[in-house]
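Next, two complexes with chain A in common: one pairs it with chain B, the other with chain C.
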Partner chain A sequence: MTRHIAQKIATAFVTIFVIITISFFLVHIMPGDPVIHLVGQEEYYYLLDNDPETLNKLIARYGLDDSLPVQYGKYLKNIVTMDFGPSYTNQKPVVSNVLKACKWTLFLSIPTWIIGGLLGALLGVIAGWKPGKLFDKIMTPILLIVNTIPSNCFCLILLIFLAYRMKLFPINGMVSPGVEGMARVQSILQHMFLPLIIMILYRTSGDFMLMKSAVSQVRSEEYIMTAESKGLPSRKVLFRHVMKNAMVPYATSFCMQFGGILSGSMIIEVVFGWKGMGTILYNAVSNRDFPTAQFCFLLSAALVVFANLISDIVNAAIDPRIREEGIQDA
Partner chain B sequence: MKKKTVSLLLSLAMCLTMLPGQSVFAAETSTETETEAVSESTGNHVENLIVGTIADQNVFNSLTQTDAFGRMNYNGFTQGDFVYRDENNNLQPYFWKSFEISEDGKQIDFTIPLDAVWHDGEPVTMDDVVFTFEYMRDVRKNGSLQNLTEVKVTGDDSASLIFSEPDAYYWINSSCNNNSCVYAKHIWEGIDDPTTLDGPEAAIGCGPYKLVSYDSDAQVSYYEAVPENDFLGEITVDKVTVQSYSDETTLMMAMMNGEIDTMYNYANPIDADVIDTVQGTPDLDLGESDFTGCYQMEYGKDRAPGNDQAFREAASYAIDYNQLATTINGEYGKVPGKGVIPPSCKGYDESIGSLEFDADKAAEMLDEAGYKDVDGDGYRELPDGSQMDLTVIPQYSSKSMDMRNRIAEVIMNSLDKVGIKNHVDNDSLSNSEVWEDTVTKGNYDISITLTTSGMASYSTAFRYFMGELRDGESSWLWGTIRDDSFRDTYYAMTQAVNDEQYIENNQKLQKYVADTMAAEALCWETAFFPYRTDKYTGWENYPSWGTVHATTWYRLTAK
Partner chain C sequence: MLLDVKNVSVRFASGHGVQAVENVSLTVNKKEKVCIVGETGSGKSILLLAILHLLPENAIVTGEAFFEGEDMIRMKRRQLDKIRGTRISYVPQGSGNGLNPLLTVGFQVAEPMIEHQKIGKKEAIAEAVKLMKRFHIGDEEEVAAQYPFTYSGGMKQRAMIAMGIIAGADMILADEPTKGLDEERIEMVVDAFHSLKDQAVLCVTHDLNFAREISDSISVMYASNQVEYASAKELLEHPLHPYTQDMIAAMPENGLHFSEGFAMAHEDYAEGGCKYAPRCRFCKEKCKETPPMLEVEGHQVRCWLYTGKEGERHASDNGKAL
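Right after this comes the complex of A and B.
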C-alpha cells in the first residue's frame, strides 16, 4: 500500500512538472504583446513612434526581452521560491492577488463541495435504493431540470426574483460597504447565500444522478439478491453491500471535484460580482498578465493532480481489489 | 444544533480571514474664458451621493486612469482638471480660473487659484503647475505636449504654455478627455513609473473631493468634499460613495431598488435591451441623449472591389439600415447620414443626406458597374470575371464582441441578398492583436469599428479611416483612405486654432466620405445614463456622458 501511494505521488509530481511546462509555453505562444497591456494601448503606440527607448526599458524590466528558455528558467525559479513578481495589471504581488481571490472562491466552493457532496449522495442513495417510488419520481425530474439549465440563466432568474423583486438578498458583490466586525461577517454570509445555494443545487443534482445510478446498478447485482434471500435486514444490505460498492465511483468523483474547487465557479462568480479565482484568471488571460495567469494555472493544476492522488488513495482504501492490483503491479 | 455549530464555525473562520482583507486609509492627506460659479444654492446639501459603476476598484492612482478611481477623475473629482467640457461640448476652466489661446495657436495664457490645497494639506503652487507640464512632457512622454517648449510663469497666479507648433487648441481639446490635471511635485518628483507608487499618497490630488477610504472586497470607495477646492463655487455634495457592480444588469437592478442614485461608466451608456427593463420605474429618469459615438464600417480600398466607388455606392444601398439600427440600439436607433458623424457632434453638417436601403437599386447599380453573376452560382463576380468573396472584420472587443458579431451578421446578410458573397475573418475575432495586424495591413474588404463618445468629441471617427498618417505617427492605422487631401484636412482639423477652423475642416471631411462612400456610419444612437429623481434636484444630463460630471458637485442639491 505504501509503495502504491509512493508511486502515485511520484507520478503526481511528474504530471505537475509537465503541466507547468505546457502552461508556460501555452501562455507565451498566445498571440498578443503584454507590453500593450502594461502601458495601455494609446501610450504604447505613442512610445513606439516617439520614444522606443522607454518601451525597451520597460520590456527589460519585466524580462520580456529574454529568450524563451531563459524566461522558462526564471519561471521555474519563481515557482520554487513562490515569487511571481508583480502583476502586470495592478503592480501588486501576484501571489497575494491570487491568494486573496482564492480565499473568496473557497468561501463558495468548500461548502458547495461538502454540502453538495453529502446531500447528493444521501438523496441519490434513497432514490437508487427504491427506484420508481414516489421519492425518486419527484427528485429525479427536479434535479435533472436543475442540472440541465445553464448556470448563468439560473443565476439571473434567481437574482431577479429573490434579490431584485423580493429583496431577500443583496444584488451583487461580496460584502456591503461600511460594515465592520460581526456585521461584516453577517453581510458576507448574506451575500454568499444566493450564489452558494445555486452552486450547491448544481453540485447536488450532479452527485444525485451519479449516486442514484451507482446504487441502482449495484442493487440489481446477484450478490445483493443473495444477501436479501439470506434474510439480512434491508438496512444491513444497504450499508454493508450496496453502499460499499456504490461508494467507489462516487468517492472517485467526489475527490476529483476537489480538483475543480478553485476553478469551478467562474460563471457564478461573474454573475454575482464575486471577485474570486475565476474572475482573476479570466482577467489575467485577457490582459496577457503572464505571471498571474501562470500562477493561476499552477494552482489549479496542482489541485487537480492532488485531487486525483487523493482519489487513488481513497479508492485503494475502500476497494481491496485496487490495493491488490497495485501490489501486483509493483 | 449541528447547523448552528457549522454556521458559527463558518462565521468565525470568516471573521478571522476577512478583517485583514479590508483596506482602509485616510488620505490626510483670443477669447478669454473665465470660471463662472455654477452653484447658487447654499442650502440642502446632498449628504452622500451614491454613484454606481461597472469598473473595478483596486487601483487608486492619480496618474494611471485605471479602474473606477481613474475614470471618475475625468469628472474633476479628486484631481484639479485644468478644464472641463460643458453640456454643449464647450471647454470651460476648472482648476484654471481662466485661459486664453493665442491667435496663432501656439500659446495658452492661464491663471490658477491661490487658495487650492492638496489633500495632504500642502498648498497648490505655481511650482506644481510647472512641474506637471515638464513631468508630462519629459517623463510621461505625453504626445500632445511634444511641441511644448516652455512653461513661462508671468505672475503669482498666471503663466503661459508656449508651443513650437500650433498645438494649443489641439492639446487643450484632447487633454480634456484625458484627465489632464495638476500633479503634486512633492509626491511625483523623481518617480519615473507612476504605477510603482501604490500608497495613499498616489491618490492625493487637489480636486473638490479626497479619497477617505476604500474597501476592495466590497468594491466601494468613500470620498468627502474639500471646501478649499471649490473651483466652480460652493460644493453642494458633501460626500460621495462609489459602488461597483459586475455588469449593467445588476447596476440597473441596484438603481431600481434605490441602492444607488446615479451611474457613471465613462463613455458606455446602458444597452437598449437593458433600458427596456428599466423603463417605467418610478422616480427614475432614463437619462436619454443623442450619442456622439457610433459604429461605422469602412470599405478596404487597397483592393477590389472596395477600391471601386461604383461598387461602394451600390453596396451602400444593399445594407438594411433599419435592421442595423434595431440591432445596435433597439427602437431608439436612427438611420445615419452619409457624413458619418452624428448630429450631436461639433460641426455636424445637416445638409448631407441620409443613407438609404434599396436592395433592388443596389442590384441594378451592381449590374451596371459590371458586377454580374457570370458562372451562375448565385453570387456576383468582379467586372474582370474573377471570383468575389468579401472579407469582413469586426473590431475585436473583449466586452462587446457579441454586438459586433451581430452587426457583421446584418451587413453580411444584406450583401448576400444582392448576390455579394462574403465571409467573416474568424482569426480576427479571437484576439485584438490579430485584428489589429489584419486591419493595419489593409487585408479586409469591410471593417467594422466603433468610435467612442470620447474620441468623437474631438478626434472624430475620421481618424480611423486614415490610410496614411503624418511623419512620426504609426498608431491606429486602421483605414485605407490614402488621399493626401483627406489626411491634410484631418490634421488641419485637429490642429485648428479655433472652433471655426475646426468646424470648417470637419465639414470637409464629412463631405469627403459622403461623396466617395469611403466609409459609413451604421447607426445613430440614443444614449442612456439613468439616474434617480426622488432625493435630489439639479441633475444635468450631459449628452453621451450622463449626470456625473464636473458640475455635478456644485449643482446637485437635496429635495
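Right after this comes the complex of A and C.
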C-alpha cells in the first residue's frame, strides 16, 4: 500500500514536470509576437520603423531576447520561487491576478462539485437500484435532456427568460458596483445564481448517469444474488454490497472532477461575464500574455495531477485488488 | 419431507418470452442429496434460483416450492429474509463471481451468522475460520482476512459451502460446484459435500461422475423439461429415458458416444411434443404430442416408450432392450 502510494506520488511529480515543460514550449510556438500586445499594434509598428532601440529595450526587459533554453531555465526558476513577474496586459503581478480569478471560479465550482456530485449520486443510486420504476422513468429522460443540451445554449435560454424577460436575475457580471457589506454578499449571490444552477444541473445529470449505470450493473452481479440468498434485508444488500462496488467508478469520477474545479467552466464564465479562471485564461491566450497563460496552465494541470493522485489513493482504499496487486480490473 | 417442488415453471417475459423451466416436480427429504443434471441451458440453475426466489423481476414463476410446508415462491421478502441463509441457503459457483470482490472472504462466510444469530463480527468470523478448517482450505486464519481475488476456484467453492451452512441451514442449494475445476479440486469439493452429513443438498451439475459420487437421487433435465427422476443407482445403472441413456453413453469412460444434434433454442420448439424427439433414436409419430410423466419401475420418466403393452415390456427390461 505505502509502496503503491509512493510510486503514484513519484509519477505525479514527473507528470507535473512534463506538463510544465510542454506548457512552456506550447506557449512559445504560438504564432504572434507578444511585444505587439505589450505596446499595442500601432505603436509596435511605429517603434519598429522609427525607434528599434526602445523596442529592443522592452524586449530585453521581459527577457524575450534570450535564447529559448535560457528562457526555459528562467521559467523553471520562476516556478520554484512562484514569481511569474508582471502580466503583459495589465502589468500587475501574474500570481495575484490569477489567484484573484481563482477565488471567483471557486465560488461557482466548489458548490457545483459538492452539491452536484452528491445530488447526482443520490438520485443515481435510487434510479439504478429500481430500474424501470417510476422514479427512474421520470428522472432519466429529464436529466438526459439536460445533459445533452449544449451549455452555451442552455445559458442563453435561461438568460432570455429569467434575466432578460422576467428580470429576476442580473444578466451578467459578478457583483453590482458600489455596494458594501451584506448588500454586496446578496448581490454576489444574485449574480452567481444562474451560472451556479446551470453548472449544478450539468454535474448532477452527469453523475446521475454514471451512478445509475454503476448501481444497475453491480446489482445484476452474481455476488448480489449471493447477498440476497443470505437473507440480508434490501437495505444491507444495497449499502454493504451494491454501493461499495458502485463507489469505485464514482469515486474516481468525483476526485477527477475536483481536478477540474479551476478549469471546468470556461464557456459558462464567458457567457455570464464571470471574471474567473476560464475568462482570464481565454484573455491570456488571445493576448499572448505568456506568464499568465503559463501560470494558469500550471495551476490547473497541477490540480488535475493532484486529483488523479487522490483518486488513486481512494481507489486503493476501497478496492483490495488495486491495493494489493496494483491491478485494476474493476 | 424438507423441500417439495411441485410443477414449477419459469418464463422470462423479455423478448419473445423464453420458457426456461417447464413443470418440474421433485422432493428432497431431510439429509437427502439430490442432483439435477443436464446440459448447459436446460434450465437447471434457473430452477434452483426460482426455488430460492432469487430470479430477476422479469421472470414469471408458477407452481409451488414448499420448504418445511411453506411455499417459497409466494413468500414475501420479509419472510424470505427470515429463512434464507439460516434454514435454506444458496451456494454459488466457485468459478464464478459469487463473492463480493471488496469484502474479505472471512466476513462473507460469517455474514449469514452475523445477520441471523445476532453474533458479533469477530466471533462470527472465528466461527467461519473454524468451519473453513473443516473443509481444509489451508492457513484459515490468514486466508479468512483475504479477498476473493486471491482465492482459487476450489478454495472459493469450499469457502462458499462453509458460508452455506454457517448459520445452521439444513438445506443447501448448490449451483454447479465443480464447474471449471480440475480433478484434484473436484475431489476436494466431493469431500466437502460428503462431510455435510446433517444437511440436505439439492445440487445442480453437468458432471455425472460428481452426481454419482454425492447423490441419493438424480433428476435429469433436457431443454427446460424434467425427463427422468430416480434414485442415483437406478438411474445410472438402468436409465430409461433415451436422453439419459445417450448422456451416459457420452461419458468419457463409456467411450464418448455422442448422440447427433443439439438442444434447440427455446423458441424453436413447436408447441408441445417431446423435446428430445429430433435427436431420439426411437422417435415415432406419437412423440409429436407432449409425453406425460410416468411412474415406471420406480423411475419417473417422461417418454412415450413406456406407455401401452410395448411400454410395459420395455420397462420390465429396464430399458436395456433399447
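Methods note: the second predicted complex is superposed on the first by the 325 of 330 C-alpha atoms of A that agree within 3 Å, B and C clash if a C-alpha of one lies under 4 Å from a C-alpha of the other, contacts with A are read in each partner's own complex, and residues count from 1 in each chain.
Following the convention adopted for this analysis, a contact is a pair of C-beta atoms (placed from the backbone, for glycine too) under 8 Å apart; a residue touches a chain by one contact, two chains touch by 3 or more.
On a predicted model such as this, the values are computed, not experimentally measured, just so you know.
K.L.:
Following superposition onto chain A, is the placement of chain B relative to chain C best described as a clash or a fit?
P.N.:
These partners fit in the superposed model.
K.L.:
In the overlaid three-chain picture, which partner chain does A:Asn245 touch, first (chain B) or second (chain C), both, or neither?
P.N.:
After superposition on chain A, A:Asn245 lies in contact with chain C alone.
K.L.:
Mind working out whether A:Asp319 is in touch with chain B, chain C, both or neither, as first, second, both or neither?
P.N.:
In the superposition, A:Asp319 contacts chain C only.
K.L.:
Examine A:Glu228 and indicate which partner it touches, taking first as chain B and second as chain C; both and neither are also allowed.
P.N.:
In the superposition, A:Glu228 touches chain C alone.
K.L.:
In the superposed arrangement, which partner chain does A:Lys92 touch: chain B (first), chain C (second), both, or neither?
P.N.:
Only chain B is touched by A:Lys92; chain C is not.
K.L.:
Rounded to the nearest Å, state the minimum C-alpha distance from chain B to chain C in the superposed three-chain model.
P.N.:
Between chain B and chain C, the shortest C-alpha distance works out to 33 Å.
K.L.:
Tell me, which parts of chain C touch chain A in their complex?
P.N.:
Within the complex, chain C touches chain A at residues 49, 52, 54, 56, 77, 80-86, 89-90, 92-93, 96-103, 108, 111-112, 115-116, 147, 149-150, 160, 163, 167.
K.L.:
For a test of understanding, state which residues of chain A touch chain C in their complex under the given definition.
P.N.:
Of all residues in chain A, those touching chain C are 220-223, 225-234, 236, 240-241, 244-245, 248, 318-321, 324-325, 330.
K.L.:
In the complex formed with chain A, which residues of chain B make contact?
P.N.:
10-11, 14-15, 17-19, 21-22, 58-59, 66, 141, 143, 146, 195-196, 198, 215-220, 222, 241, 243-247, 249-250, 253-254, 256-257, 259, 398, 430-434, 472-476
K.L.:
Please output the residues of chain A touching chain B within their complex, sorted ascending.
P.N.:
30-33, 36, 42-51, 54, 90-92, 100, 103-104, 107, 111, 156, 159-160, 163-164, 167, 171-178, 180-182, 184-186, 188-189, 270-273, 275, 286
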